[in-house]
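Shared between the two complexes below is chain A, which has chain B as its partner in the first and chain C in the second.
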Partner chain A sequence: MADKIRIATAPLAGCFGCHMSLLDIDERLLDLIEVAEFDCSPLNDFKRVGSADIGLIEGGVANTENVETLRDFRRHCRILVAVGACAVNGGIPAMRNQFDLRDCLEESYVNGIGVENPMIPNDPEIPLLLDKVHPIHEVVKIDYFLPGCPPSADSIWTFLTELIEGRPVSFPYTQIHYD
Partner chain B sequence: MNPASDAGIFTERLLNEGGAQATDLLQYLCSIQQHYSCIPPQAVETLARVLALTPSVVLGVIEFYSFLHRTPRGQFDILVSDSITDQMLGSRDLLQRLCDRLGVCVSQPGSDGRATVATTSCTGMCDQGPALLINGQVVTRVDNERLDRIVALVQAGSPLEDWPQDWFSVSDNVYRRDQLLDEHSANGDSLRVLLDRGAADLLQELDDSGLRGRGGAGFSTALKWKLCRDASADERYVVCNADEGEPGTFKDRVLLQSWADTVFEGMTLCAGIIGARRGFLYLRGEYRYLLDSLHTALENRRASGLLGSAILGEPGFDFDIDIHLGAGAYICGEESALIESLEGKRGIPRIRPPFPVTSGYRNRPTVVNNVETFMAAVRIAEHGSAWFRSKGTAQSPGTKLLSISGDCRDRGVYEYPLGVSIEEVLSDCGADDVQAVQVAGAAGRTLPPAEFGRTLAFEDVATGGSFMVFDHTRDVLDVVQNFTRFFAHESCGFCTPCRVGGSLLRDLVDKLHDGHGSEYDIREMRDIAGLMQAASHCGLGHTAPAPVLDLLDHFPDVWRQRLAAGGFEPSFDIDAALSEAKQLTGRDHSGGRMGGDV
Partner chain C sequence: MNTRKTFRMDGRTIPFEDGQSIIDAALAAGEYIPHLCHNPEFTPHGSCRVCTVDVDGRMVSACTQPAAEGQQVVNNSDPVNHYRRRLLQMLFVEGNHVCPGCEKSGACQLQAVAYYTGMLAPHFTHFFPRREVDASHPDTVIDFNRCILCELCVRASRDVDGKNVFSISGRGIQSRLIINSNTGRLGDSDYDRADKAASVCPVGAILPKHQGYEVPIGERLYDQRPISVVGDVAQAKQGDNGDG
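Let's look at the complex of A and B:
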């Protein structure tokens, strides 16, 4: 095998469940690294994306850091994939969209039970929040959407192998239906 | 305004007078809303208790209908028609002016309890707009002067009865008459024919006439009646669909205003043929102003022996008609949603089959027809099928009423033989420099001049009667935006393809409209449109993407010049989305700008 396929992954506003599901492919990881290698990913703890063939994004866009990471991935990945409900739709974090940002922050940092020294955090190190949480395709162009909360290890596996082998991606019914 | 505390007593009284049937829930709610400008909690509690429903069922019905509210709207509930043709006549400026003068924000009840100002879907006054509904009564032809006088009356708290009554007058504006719109109103002749010839024979006549439903879908009327007649059941029902919610349609309003007798006779004729003893006129809430005259017409028919028991002295020919009001839900024009609404429920379309002809109102065989269809049936009974077939085409016999509005000289109702060309209609109504015609309403087709040679008939361009004209001063994208917003608002929310797809389409059209749409978004629109057409539960979802697809297919110049450079644009302004956080944290300068480069 000539050059290996380079895969980068990033968690934005999600719960890490999609990354756990990726790990759930278990021993197939060994098959995967026969043909692929990881660029930046929480799995190897490399922080910045170099250059990748496939970028897998978990989570939606909730703050400035998410926007920057996502744009960085778009610039450096040939194919960018929205993995899981939060990346595809905004998911659980987007449930805050029905409230004003002020109410969310005040509930957490001012009025919440047990809060000491109540104030809305304003340290310049902290990424600024967007007023609403957005799915990632509203910020950059996305090539593939892999649904699920999280997508099962099997569907992640099907997706990666078919994509890497250059076949049209299609799933067995059981992998993408939840009823 | 009566204090809400007596709402429980008021509701008890309504229930006592009305027979306390759960199927009348929506009717009770309409009366309570009209009285209190909301449904007070005591009313909810009383309705639930007496009708043996749970409070959540009652609340669910309230939440479903646009004209029902849980918080008071105030002494004056003012709704500005948001139909595209009303907008073209200046309704948006009027809305703004109204809010400014009354010191209120759109859709937010004023703090003094005086008034609420909001928009509403097409009120069916497109030929005499811009139109308002004030406490359910229509005010037509509103201009700045009339508006300022309205504001003064509202501020003075003057009751509607004291307002100049000519403001509430609604004209017919009939410009062309043919088979249907003749001078006489039905006085039982068609029913005499029925008694002379018998139901089977008259049904055959109706079949020979080739009459197809005038509500838009064009199903054979004779077949519908026959299926219902043949279905075995203890009761059958006749329903006249006067929901007329399709933007740009108002011909049923004219029929109910000036030919109500003929419409009621059509329902009676149907009842005689299928063996029904009870019928309903489902009248859209926007046409509440017609209630009194319709009730009078029913009374007169009862007094003349044309309604009630032993009609025309025929033993066993018993039939009577109730009027049920809608409450601002376009979906209730869909026949199975209409039946749900008649039963007092949320207007969610049923799973079909079974179709209403075998299982409709209270799961009994039910005929649902458009207002105009009943009228045509009367004429066929009176004059015969050959007479009817002398107009129209082989596949679309007879005539059709069109409601013409938009950029033309003479807005109003026109009756044409089916098969008339769009060109001919345009020339008759005095429309020139036409850029596009919207046939059959928001759910219909947007046609460019190259298609004006086509004909209005079921085999070519089918229509329920809406015909809106747009000249070259109009932006077709404004039109499409209005329609996609309409569908997103009117989706009943039952199925995901329409509920979510409709909102996504609305957002994408907004994006394109504002100059941020990209080629990527165009592909998205086509994908979503295809999915909605293939997977929606009812006709609303199937037709909702039509304006977008017609825009993309027939008006490429309109959208291409609006496309943003580059293949992709974010769907929102990221810098604007950060401003609130910056303000809350006092970090105006840190964090920087995110806009631009992708």
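Let's look at the complex of A and C:
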């Protein structure tokens, strides 16, 4: 067990599609767990990252909790990977950067259709939203980028196998796409 | 008879005629040089610099550099493609290019050239500029978030349509596409969907309405094969076959 590669994963401001795509490697998961084991991940519900060889980050940075999680991962992962469009360039959540944050909140919680008891949530337990959504490479150093919305299971598999086997990572043409 | 003039590119001999640019000579020989603002149907513009090649040790844009006898051109090399990738990354962070939310995805030349050069990430810090969408015309929408200032619509409207609907205003980072109408909106201009300008945009800035996903994502021009194979090189090769 001690020799196994440790993989940690985290969802930031994303839709969980990249994690679904990771699961979409299907029975190859059995091959993966021959050589790797999961540190903290929403897949096993461990909450804090221990010490990992590979950290996979889905989603961009949209709030203070995202910043903390991302920095924690950077401290504890030897190799940190931006997985998917949102981690790579902000993706769909970053489309809110076109608007003032207050306008977004008022649209959702004050003026939106069907809103009852309108008020902008301000419970101290709710992470504060950042003014803009950022790609993760703007916050910490990132070692590898895997684009796609989501990256296909095949491209995730190509990436993980080549990285774990210590080969230079290269993809067939159809495995790299931004959409 | 004169022997044909030639230059060398990546180990291949490329014939050319006097006055022909490096990119057009290469295209005629079936060799792809990445490009965005260049379209063989229009006067070269030389603004995107993505067609940069190494000619005898100097970096020049292949669309504006005349071919010359005996030139040694390096096109598809790691250093040249690295330089192109940096230019593309700057184009990506200067605008708002959200591929998952763009109708042009899969048929977009900016995206396809980025795939070709192996771009995996934007590298630079995003500007996230705030730009408008002009949906005032019944047949066409203009999303200024995606404009890369290639001036192909400007050239098409001016040189082919004879209308001067588009122009570039401002300088440097303030440069932007503007529309020639009293309101500055496309719906109030002379633009028509049958114009040449309607079909030359290499990105998703000028988009026809009402047909967004008729061709599904995954089945579009650059989804399965690279632009170096299915782009205008393919058309040039087809033309050759037709003539021959």
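Definition applied: the second predicted complex is superposed on the first by the 174 of 179 C-alpha atoms of A that agree within 3 Å, B and C clash if a C-alpha of one lies under 4 Å from a C-alpha of the other, contacts with A are read in each partner's own complex, and residues count from 1 in each chain.
Quick note on the criterion: a residue touches a chain if its C-beta (ideal position, glycine included) is under 8 Å from a C-beta of that chain, and two chains touch if they have at least 3 such contacts.
Everything quoted here is computed from the prediction, not taken from an experiment.
Visitor: Following superposition onto chain A, is the placement of chain B relative to chain C best described as a clash or a fit?
Guide: Partners clash after overlay.
Visitor: Taking the superposition on A as described, I'd like to know which of chain B and chain C A:28 touches: first, second, both or neither.
Guide: Neither partner.
Visitor: Pick one for A:121: touches chain B only (first), chain C only (second), both, or neither.
Guide: first
Visitor: In the overlaid three-chain picture, which partner chain does A:4 touch, first (chain B) or second (chain C), both, or neither?
Guide: After superposing on A, A:4 lies clear of both chain B and chain C.
Visitor: Touching A:98 in the superposition: chain B (first), chain C (second), both, neither?
Guide: second
Visitor: Would you sort A:85 into first (chain B), second (chain C), both or neither based on which partner it touches?
Guide: In the superposed model, A:85 contacts chain C only, not chain B.
Visitor: With both complexes overlaid on chain A, does A:176 touch chain B (first), chain C (second), both or neither?
Guide: The second partner, chain C, only.
Visitor: Examine A:134 and indicate which partner it touches, taking first as chain B and second as chain C; both and neither are also allowed.
Guide: A:134 contacts both chain B and chain C.
Visitor: Just chain B (first), just chain C (second), both, or neither: which does A:145 touch?
Guide: In the superposition, A:145 contacts chain C only.
Visitor: After superposing on chain A, which of these stretches of chain C ends up overlapping chain B: 181-189, 217-225 or 235-243?
Guide: So the stretch of chain C that bumps into chain B is 181-189.
Visitor: I'd like to check the shared interface: which positions of chain A are touched by both chain B and chain C across the two complexes?
Guide: The answer is residues 132, 134, 138 of chain A.
Visitor: Which residues of chain B touch chain A in the complex?
Guide: My answer: residues 520, 567-568, 570-572, 574, 577-582, 584-587, 590-591, 594, 597-598.
Visitor: For chain A, which residues count as touching chain B in their complex?
Guide: That would be residues 64, 67-68, 71, 74, 100-102, 105, 120-122, 124, 127-132, 134, 138-141 of chain A.
Visitor: Using the touch definition from the top, list the residues of chain A that touch chain C in their complex.
Guide: Touch list, chain A to chain C: 82, 85, 88-92, 94-95, 97-98, 132, 134-135, 137-138, 142, 144-147, 149, 173-174, 176-179.
Visitor: Within their complex, state which residues of chain C touch chain A.
Guide: Interface residues on chain C, with respect to chain A: 92, 96-102, 105-106, 111, 114-115, 118, 120-123, 125-126, 128, 130, 217, 223-226.
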